[in-house]
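Residue numbering begins at 1 within each chain, and the chains themselves are lettered A, B, C and D in the order written.
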Amino acid sequence: MDSTAARSSSALEQERTRLAERYAQIRHESQRLCEPLETEDYVIQTMPDVSPPKWHLAHTSWFFETFLLDRFAPAHTSFDPAFDHLFNSYYLTHGRPFPRPQRGLLSRPTVREVLRYRAAVDEQMLQLVDDLPQQRWLGFAELVELGLNHEQQHQELLLTDIKHILGSNPLRPVYRPRPKSPAGSVPALGWVEQGESLHEIGHQGTGFAFDNEGPRHRVFVEAYLLASRLTTNAEYLEFMQDGGYGAPALWLSDGWATVQSAGWQAPLYWERRGDQWWQYSLAGLRPVEPAEPVTHVSFYEADAFARWAGRRLPTEVEWEVAAGGISVEGNLRDRGHLHPVALAPDSIAPAQLFGDVWEWTASPYSPYPGYRPPSGTIGEYNGKFMSSQMVLRGGSCVTPRDHVRATYRNFFYPKDRWQFSGIRLAGNR
Amino acid sequence: MDSTAARSSSALEQERTRLAERYAQIRHESQRLCEPLETEDYVIQTMPDVSPPKWHLAHTSWFFETFLLDRFAPAHTSFDPAFDHLFNSYYLTHGRPFPRPQRGLLSRPTVREVLRYRAAVDEQMLQLVDDLPQQRWLGFAELVELGLNHEQQHQELLLTDIKHILGSNPLRPVYRPRPKSPAGSVPALGWVEQGESLHEIGHQGTGFAFDNEGPRHRVFVEAYLLASRLTTNAEYLEFMQDGGYGAPALWLSDGWATVQSAGWQAPLYWERRGDQWWQYSLAGLRPVEPAEPVTHVSFYEADAFARWAGRRLPTEVEWEVAAGGISVEGNLRDRGHLHPVALAPDSIAPAQLFGDVWEWTASPYSPYPGYRPPSGTIGEYNGKFMSSQMVLRGGSCVTPRDHVRATYRNFFYPKDRWQFSGIRLAGNR
Amino acid sequence: MDSTAARSSSALEQERTRLAERYAQIRHESQRLCEPLETEDYVIQTMPDVSPPKWHLAHTSWFFETFLLDRFAPAHTSFDPAFDHLFNSYYLTHGRPFPRPQRGLLSRPTVREVLRYRAAVDEQMLQLVDDLPQQRWLGFAELVELGLNHEQQHQELLLTDIKHILGSNPLRPVYRPRPKSPAGSVPALGWVEQGESLHEIGHQGTGFAFDNEGPRHRVFVEAYLLASRLTTNAEYLEFMQDGGYGAPALWLSDGWATVQSAGWQAPLYWERRGDQWWQYSLAGLRPVEPAEPVTHVSFYEADAFARWAGRRLPTEVEWEVAAGGISVEGNLRDRGHLHPVALAPDSIAPAQLFGDVWEWTASPYSPYPGYRPPSGTIGEYNGKFMSSQMVLRGGSCVTPRDHVRATYRNFFYPKDRWQFSGIRLAGNR
Amino acid sequence: MDSTAARSSSALEQERTRLAERYAQIRHESQRLCEPLETEDYVIQTMPDVSPPKWHLAHTSWFFETFLLDRFAPAHTSFDPAFDHLFNSYYLTHGRPFPRPQRGLLSRPTVREVLRYRAAVDEQMLQLVDDLPQQRWLGFAELVELGLNHEQQHQELLLTDIKHILGSNPLRPVYRPRPKSPAGSVPALGWVEQGESLHEIGHQGTGFAFDNEGPRHRVFVEAYLLASRLTTNAEYLEFMQDGGYGAPALWLSDGWATVQSAGWQAPLYWERRGDQWWQYSLAGLRPVEPAEPVTHVSFYEADAFARWAGRRLPTEVEWEVAAGGISVEGNLRDRGHLHPVALAPDSIAPAQLFGDVWEWTASPYSPYPGYRPPSGTIGEYNGKFMSSQMVLRGGSCVTPRDHVRATYRNFFYPKDRWQFSGIRLAGNR
């Protein structure tokens, strides 16, 4: 072996070690998030959007089994052939996914069996990280990275779905007590100005990004104003007290129809007790804290609030331009609040771009110019959802810190409220 | 104390002992039925008719807490005040029942908490059986007896609901392996003749009966023929092979609409694999056994089958007249089959009147002449369901043996199939 | 020709004449009922139970074309082959009926074309009445009689459906102004007593009757009381003012669910304006008249009212026994009120048995002992609806006088309210 | 009067004359389009998206009554106060619109009454055009112009809704026979190239445009290819024959769900008879003509076709840039085909930009930068629909020729198919 090959081999060994550690850490984290759960909490599905926690644990393993083990270790032992149907989420070119709204009708496999499934997949995956011939490494490592980012997305969903499962229960059980968080007054709302310009947006570079974040491309942006911080509960309460939920002129037509049919009067998880609004959080029920960013609002509510405020929501381009040079700091999952927190009085604008709440933008979720999904089944990951959804930016208090970035495009339907979604205003100069 | 009082007191003591034993035995049985379950199986609800096993365990306890402890031991300790809402089934004059279709959305209270709830209720109930002053005994004992019969009804529902929960799962898990059961040929179908006559039907005597079994009253019955045994799978397969599910002329109008909208092609729990029909049972999936009574058919299917056979279903009066002198023997729950079994070749007609399957009758569920429900909340037990349902008679392979009798009136909607319901033919002379 | 044959031939000629006259009269009546309509009123369907008037006009003609012309004059000219699909109501053994809920989506054929269709059928039918060879006469005449009774049923439906079509329109248009009708006080409610006895009920004799009115058979009836007259609006208003629509203990379980989901607060066609209840009638909107019989109530409401009143509804047997010797007199269609009227103060009990409103009975619609539907497609007429419906007796203010009789069994679902259905109480001695 | 005032006054007189003529002509056209209808056709609503023709005739009159007569001639005579509720489409700040899905349940007012309503509005409008004081003219004339453009939009809807009403009828009636149209071969598909550039799009100038066409603004567009003509039936049939409707990988996720639930196998109005596909047109049923542009496809189908073809749909910006200098010529309503026609072999690319079919773009319907709806009720016209719909461009064979332009933005939900919507491909260089 000459020294170049030796160096390269040693680099690969380091790569193997790094990936094995990262794999083990992220996979473990999914299970750690479930530790406060009772067995019963793992099983149920409180609405079609929610998946049972044990389904998340199994599906993320299915992802590694299907896209990694089946391709790179075809002789691996399948834990249970029936799982390929049960835990396929929506990959129609792979097989027949089990119907989503019925995920909560499966008491089996049990939680223990799912954990054994995870362990079996992990064991074989780590073996593969060790053993895979060098010539196949690159494609493998890329797909593992995708699988780990996929797992992180499901970690966020685990927390939003656990919140819905526990929060729908009249007993309003606590998931995890909450660390101290700041209260009191927040800085007055200011506006960050941006002049008109031709910008480049979208991912570039060698770090991981989802396919939908590219290609990087030019966009002409008119001058605009972006709010210095998120909208607070206090501000949202003003909208409510001003009759916002009863004023059709403030709402998009589809939004008003939803308000009427769903009977919305406040954000999700708010409930009125006497004179006071209370809010269910992962730490249980507590009075609505005026200084905290409002969360669990739909796009329709965000849009109506903005209209009431005489403003609008930013486009995703405006958001990305503003977030461009700013480091990914904020109330993300690692802070442990699992709830948005009040902004520190001395913060620098624009504040709260990352963490706290996903920020609804005015941008429908569409492909960037020149976008092409990857070929094969993995191409069903992002591209096929590019209709009727809206882009959200910035991550939330339940997003892993190393998962989000300025170019990250999250997307949900305009009526969705069970994510930690909130509001940042924008305006025209 | 004179000797009469002593005798009476001693009789009461015996009564207390007897009731305590019976209470403990029946309450224990409900939990014994759940022993084969995994924790996850206790939680889900696979259709609105089905309740999660832990809900059954809790609701039957709520029944004793609400109708016995609250009334006779008002100072008793409530285990959890929230349970009064969560585990009220349908008693609208008592409070606001938790919505039935959402019973499967409650992961809490956990199974362990429900078992603690049961233990707390049982402890206080047994205390009350010991302590209750003599002058209140009679009303108390009567209501306890109702509560125990109510518990037995839920034991049957526990088994039918567990079957639906496990049987809806693509993994088709086994609840409990099955004891050996006879197979082979059954006696040819014969007919028991009955001449026209004025009969008395309905409950009489001092034993327990539900309010809907009385008052005893006279009915004129024309001469009729009653099938000597239940309809078998072999006979039902003939109907299927003759295109029964595709021939509208055989069906009631509402029945045909249900066949079309639900896509019925066979009884519930039947599935075709290659050339063979298989059937899910509590012992797992096995080929349809021709000699066994057909089960899990709706009234619509029973009625269509009878029309195809050139016969009809018996009325409940005809059934009760025929069952009048016959002892309650048959394939009831105590036999442990938990599935209908083939009739022994040497059986005496009419056979299989008790056990195996509930027999759909041609009688809509209506009040008997002079029927009055008990006053108060307990009056919501039977009377308010007297519309749009059909009477079934005879008990099934999952009915407790000491729970059924000739006058017992079970009732379900004509489209219902998840109970162990089957067919006995009748005809005119 | 000998004199017997001549006499018989002359009798047949008289028969032909009588049938031709009766046919022409009844067929003409259907069109006369539509005279007050605008063309637009003929076309729409305000709920699935309602059929557009032009559909009724066409379907009754289809009945004669299909069951008479096709069978007895097979060489007759079909007016339009497409009509066999469009105007088949529910005869599944004849062909594929056009979906009922879509009848209001057909603007073509136009009203004029439907009237031409009627004329063509009538011309050929009358020809057939003239020409049909004697040996086929009997079967023919029997089926024509069925067709004419069928047409009369649709005449009643025409009026109830026209009422729904016009009454659903915010303009509340008038169908036909109303003749003077009595008002003021009605006789106090009395009770007609009947002792226990074995009765015969069901049709006998040679007059026309539907298959479901027989066979005549014996029934044992306990002693009972029957209300001397119908329940009035004044009495029903008391029930409403006493909170009847908000008291679950008064309702059957299915009835209460319907009250909740449909938001019922009063009978159909009642609307509150200020302090006053108004009622839409075929003569337009007018204040609720206290002395008139209540109408447009469902079985659930009739049953709840009876329970509130401490009484019950009569069984169909009790009703028929009471109506046995009474002549068919009352506020039937020929009186022209097209609305129930207040009872004359000097009326003889039991009053109002015929006419005014169909009286809900406590009897589910089931076959009489020994009932068999006719063979062939015509067998789909009555028998296949014998599930989940309730029997009503006595005819209404829109029933042709020569159409109803004491043995006549009408049937609707317990939630139905758009017929002229009302309440007569019964009780136990 | 000095000469300037005289000149100005004379100009105003000319304005009055011009507007009166234009008003009369456009209003008359709506009624002319209904001439082939039977009265019955005016009344029904075959799906919630469709409105009855008489509703269109009334609603467009309501628009003039509400926004012109009520404001500028407040003393005008209301034809019927009830119409303000019945014919308000969706203006929630004006009052309570009659529920859209119930428009087909109104037989009254009759067609004749609606025509009288139109005449009454027209008479008062023309009076106002004559009489209105000069100082209020400008605002008035602008709103009349909006009302006339609104009327033209409803003229297009009249034709698409009439097509649905007649085309849903199994009799497939003809609306109007069709003029000769070209058949045979069309030019091969070519590609028009466009280099990258910063463009301006959106309306400018003094002519009428809807609010949603502005403000004019800059957009950076990457280089792209635009198909030289529309996609033909022949090309679409290839997609179908290649299994396009059964290949989930070709579809957006929401599109595939719609294909499954709606059972789509072909464009709307296509039906298979033996070996041949037929297509219902306003001239009746005829075989699918391969050379004609495909129409009545949803956005989902357009997008799936494009993916199958290895291309994509153009953005609305790309479309507008390409259409920029091209005059509004094509198969628009004035040609009288009322159906797309085959392209002439010698046409110049890009062809068929205007007329034939509305072209689905890849652009969700969103506000342009700086967009603000007009204040007041009229602000509900366009802006409140800016969610979950897609932009279509270019007009169709039922669009009035003087109604469309390059900047015109039509919008429908991605599942909608009852408009004359079709496909033009685009691609990347």
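The definition used in the following text is that a residue touches a chain if its C-beta (ideal position, glycine included) is under 8 Å from a C-beta of that chain, and two chains touch if they have at least 3 such contacts.
Everything numeric in this text was worked out from a predicted model, so none of it was measured.
K.L.:
Quickly list, by label, the chains bordering both subunit C and subunit D.
P.N.:
In this structure, no chain contacts subunit D and also subunit C.
K.L.:
Whole-Å distance, subunit B centre to subunit C centre, using C-alpha means?
P.N.:
Here subunit B and subunit C have centroids separated by 39 Å.
K.L.:
Averaging over Cα atoms per chain, report the distance between subunit A and subunit C in Å.
P.N.:
Taking the average C-alpha coordinate of subunit A and of subunit C, the gap between them is 61 Å.
K.L.:
Quick check: what residues of subunit B touch more than one other chain, meaning two or more?
P.N.:
Touching at least two other chains: none.
K.L.:
Take each protein chain as a node, join two nodes whenever their chains touch, and name the resulting shape: line, ring, star, complete or other.
P.N.:
Chain contacts: single closed ring, each chain with exactly two partners.
K.L.:
All pairs of touching chains?
P.N.:
Pairs flagged as touching, ordered by label: A-B, A-D, B-C, C-D.
K.L.:
If we count contacts the way the header does, which residues on subunit D are in touch with subunit A in the complex?
P.N.:
My answer: residues 90, 92-93, 198, 217-220, 222, 248-249, 251-256, 299-300, 303, 362-364, 366-367, 369-370, 379-380, 384-388, 414, 428.
K.L.:
Inside the complex, what are the residues of subunit D that reach subunit C?
P.N.:
38-44, 46, 54, 82, 85-86, 98, 104-111, 165-166, 168-171, 173
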